[in-house]
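Take a look at these structures.
Heads up, the next two complexes both have chain A, just with different partners, chain B and then chain C.
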Partner chain A sequence: MPSVMSRTWESLEEFEAFLDDGGIVEVDDAMPDEYRQAVFAFIEMHANSELMGGLTERDWIPKTPGLRHKMSVLAKTQDEIGHGHLLYMVAADMGVKTRTEMLEDLFAGRSRFHNVFHYQAKTWGDQVAIAFLVDAAALASQQAVFKNCSYGPYRRILKRIISEEGFHMRLGEDRMMRIAQGTEKQRALFQDSLDRWFWPALQLFGPDSKPNDVLLKWHIKSERNEVLRSRWVQKFVPMLHSYGFTIPAPDLRYDEEAKQWDVGPIDWEPLKATLAQGGPDSARRIGEALDNWQRTAWVRSALESAPESGPEKTGNPSPVPA
Partner chain B sequence: MAIYEVFLKKDGRDEFRHAGALDAANDELAFVMARESYARRAEGDRLWLVERSNVLVADAEFVAPNADKPHRHHDGAAVAARRKSIREQADIADDSESQ
Partner chain C sequence: MNPIEEFIFSFADDEHLIGQQHTEWIGVAPFLEEDLAFSSIGQDELGHAVLLYEVVLGLRETEATDEAIDALAYDRGASEYRSSHLVELATTDWAQALLRHWLYDTVEQFRWELVVGSSNTALAEIAIRVEREERFHRRHADALLDSLLASPVARPVLLAAFDSLTPFIANLLAPVAGETEAIAQGVVSASITTIAPLLEQRVADRFEQTLSITADISNSPGRDVRSDHFQTLMDRMREVIDYDPQAVW
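Entry: the complex of A and B
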């Protein structure tokens, strides 16, 4: 009896026909190498982003105002780091890089993470803007992957991640509503954050998808970048207006014919800079993450020398409930 | 004889799910038993067997602390209440316009 099941395909065309037919790829399938590399790179970037996002969130635990908000930041930090763990597991299982290799590449600035984590969160208003605008953008992207993802292990993990990101988004709007109903000073604080975070959040979706985007062709993404971006704009522009804030887009207009908001031309240079680790806060972020990794080396070495479970531990006498 | 826990996965989007258990003389016979007992009508096309003695079971008391962490949830009630009140005000405005 084979311990590993494996499906194989004669050619890339045959594999693509399988994907077009709604086929779901499992870790032990003999998937074409192009597909393995592309899916791995996508999951690795997602994992890196969860970790870098979690570290930012952690920085705010001591600075968060009030016990209620502080507890929610604790919960959110645990969620983000947890997502990183789940995703690094799925990525490592693909056999391209080990978890340690992925982390070392991240901390050496050799791999990518989302643009929004290349900026500094300076005020509590920034944290509110991140939870409200950025988490919503990330959630929309993840939902579009979850909808029709051809790689089974990633899709199943996304189910859990999305439900927790939903908690973050509700938290974000709740924080935003409270700050909007606050004093003039509080409103000005959030407006200042909105002015700095609106464009990075919008750029998270990336430039328009290329016609030959393999992630679309291989059913990893189910929506084009520009479609997701526009949907986010249609939702958040009126919502921010309803709270009495202004959008930092001088060319913003409502297209009566298309019945939708148009933010005007988008400058993609800041996004390109972040992808080359040249964002405003990239060096500090990566440096702190590396420092954190080095300072926790003793934990990893202690775990490596932990005694293995003896037979009295693994031989569990209690029956599994039916 | 050993007791095996049976996990089945339908091809496609589902995860592996616990289907039940069986007892068998060895791994090879356990696979046949599992197929004939749990997958007679294509209930799945991937099958895992785990010997029950290898399953680690956590005490309920160990799991319990995570049952009471309301700050890990957010019901969005305050935001929903604001939206409702905006909708109601819009309805009142509509009514007064149509009169």
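Entry: the complex of A and C
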């Protein structure tokens, strides 16, 4: 159990020594403001990404072929939104922004979310590619954070998230395998999705970590971006090849000396564009989310001002407003 | 069509399509807890549809594989569906979606009660099983309505949304094809029309409104007539299936 006592550190150096020693920071601790801001921004982006990922997938949920299949896909997206819900709580507890402020910043385009969710899922093949490639990339990143994360509340939430994301990845793998063993039309559909989603999924890991990356220095992340990216490449390139798909990387080669796949030079411009809300689907995604948020404002407003006597009629608990 | 199957389809198709409609709300409900609640309820309703399609397959002595269930859920011609027009209605208005949720689940409770002692033992067992979930669906809708109807801003919005749905009630409670035979065989204890006075009372308690359904029922189109919304809904549901009819996804 985390201590309820607030701990303090005399200096940033002393705090960093505490972190280097494997110390775990709790929400009540008087953590240095630089650390609080860095952890908060990281969790906020993770929460935003879970929510926006759910919005990317929701376009295809009503079209899922098969009743039980639809229930599985719905459960997956429900998990993603649920992760967002948990992460916003952890972030809000840090006292930087409330959940409503975070959501309003997201819908106004003032805060970030993962590059992959600035793209539109245009086909069912894209939906499968997201579950297969993107979820695996996200899971690898989360596992690297969970392994040695110095912020206790985030680390504990990640344990649950990671276990559920593992199911999602297996669902995506299962769906990809059905397509791989399916008709020519199915395979062509997935190849087209692979052509469009391979690079964004790979870019999700970000450029090589800088030597002074505070996320590494403060043990928020435990592995460098390039290490995680390479691990993903080593897993997915041979797997996709084994199913007869083509990797859309003209310079792809197997480095015999290093015994690993090398995808060649990576163009980081598309990633930079998404960071500036200039991705292919950024405007629609953010615009629709904002429109929806505004159209349902009357519900939140009414619940916030609802008299306490409301629920007495049926004895039901009052719903929790945002 | 076999009358008992036709009767079961009227319930199964309703469960399927209301579940389908609820899935449209994930990520776009007014707040995150509602995203989760609505999609969870939708998931339950889709699960109930699976159970009811399995009852049809049981009558046919056919194994309830995913393919067999999906053939019933997606591959019948429009004229073979027995859904009510309420669940075929597409809406992007959350007040209307919430009121439909309340209205549908209120009626659904009484529908399950009509089959809880069914001579079809599979159906009777499902009726008992689903009530464990359905009571939470009703509590969810009621808790929201308790709070929102107390708000001077939200109340007129909700009452207008309810008014927009009242024309669908007669069709929802109109006699279901096959139910005469289903009553005779003990599959269901009474006609769906017997729910009308029970619903009228619930509406009076909830909205302080007088609703007269019984007279409209006899003038309502039956469930063998599809509403204008049906084909669009079916095309949306079948988009991936129609992309490659040979495919297994």
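Assume the second predicted complex is superposed on the first by the 299 of 322 C-alpha atoms of A that agree within 3 Å, B and C clash if a C-alpha of one lies under 4 Å from a C-alpha of the other, contacts with A are read in each partner's own complex, and residues count from 1 in each chain.
Convention: a residue touches a chain if its C-beta (ideal position, glycine included) is under 8 Å from a C-beta of that chain, and two chains touch if they have at least 3 such contacts.
What you see is a predicted model, and the numbers here were worked out from it, not measured in a lab.
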Quiz item: Once the shared chain is lined up, is A:Gly66 touching chain B (first), chain C (second), both, or neither of them?
Solution: second
Practice problem: Give one of first, second, both or neither to describe whether A:Gly206 is in contact with chain B, with chain C, with both, or with none. | Solution: neither
Quiz item: Once the shared chain is lined up, is A:Glu173 touching chain B (first), chain C (second), both, or neither of them?
Solution: first
Quiz item: Comparing chain C with chain B, which touches more residues belonging to chain A?
Solution: C
Exercise. State whether A:Ala75 touches chain B only (first), chain C only (second), both chains, or neither.
Key: both
Practice problem: May I ask you to decide whether A:Tyr88 touches chain B, chain C, both, or neither, giving the answer as first, second, both or neither? | Solution: second
Exercise. Figure out whether A:Pro248 sits in contact with chain B (first) or chain C (second), or with both, or with neither.
Key: neither
Exercise. Answer with first, second, both or neither: which of chain B and chain C does A:Arg155 touch in the superposed model?
Key: first
Quiz item: Just chain B (first), just chain C (second), both, or neither: which does A:Pro280 touch?
Solution: neither
Self-check item: Interface residues of chain A shared between complexes with chain B and chain C
Solution: 68, 71, 74-75, 178, 314, 316, 318-320, 322
Quiz item: Considering the complex alone, what residue numbers of chain B touch chain A?
Solution: 5, 11-13, 15, 20-21, 27-28, 31, 46, 52-57, 69, 71-76, 78-79, 82, 86
Quiz prompt | Residues of chain C defined as touching chain A within the complex | solution = 16, 20, 23-24, 26-36, 39-40, 42-43, 46-47, 49-50, 53, 66, 69-70, 73-74, 94, 139-140, 142-144, 146-151, 153-154, 157, 236-237, 239-241, 243-244, 246-249
Quiz prompt | Residue numbers on chain A that touch chain C, as the complex places them | solution = 51, 54-55, 58, 60-71, 74-75, 77-78, 81-82, 84-85, 88, 124, 175, 178-179, 182-183, 185-186, 189, 292, 295-303, 305-307, 309-314, 316-322
Exercise. Can you check the complex and tell me which residues of chain A touch chain B?
Key: 1, 5, 22-24, 26, 68, 71-72, 74-75, 79, 152, 155-156, 167, 170-171, 173-174, 177-178, 242, 314-316, 318-320, 322
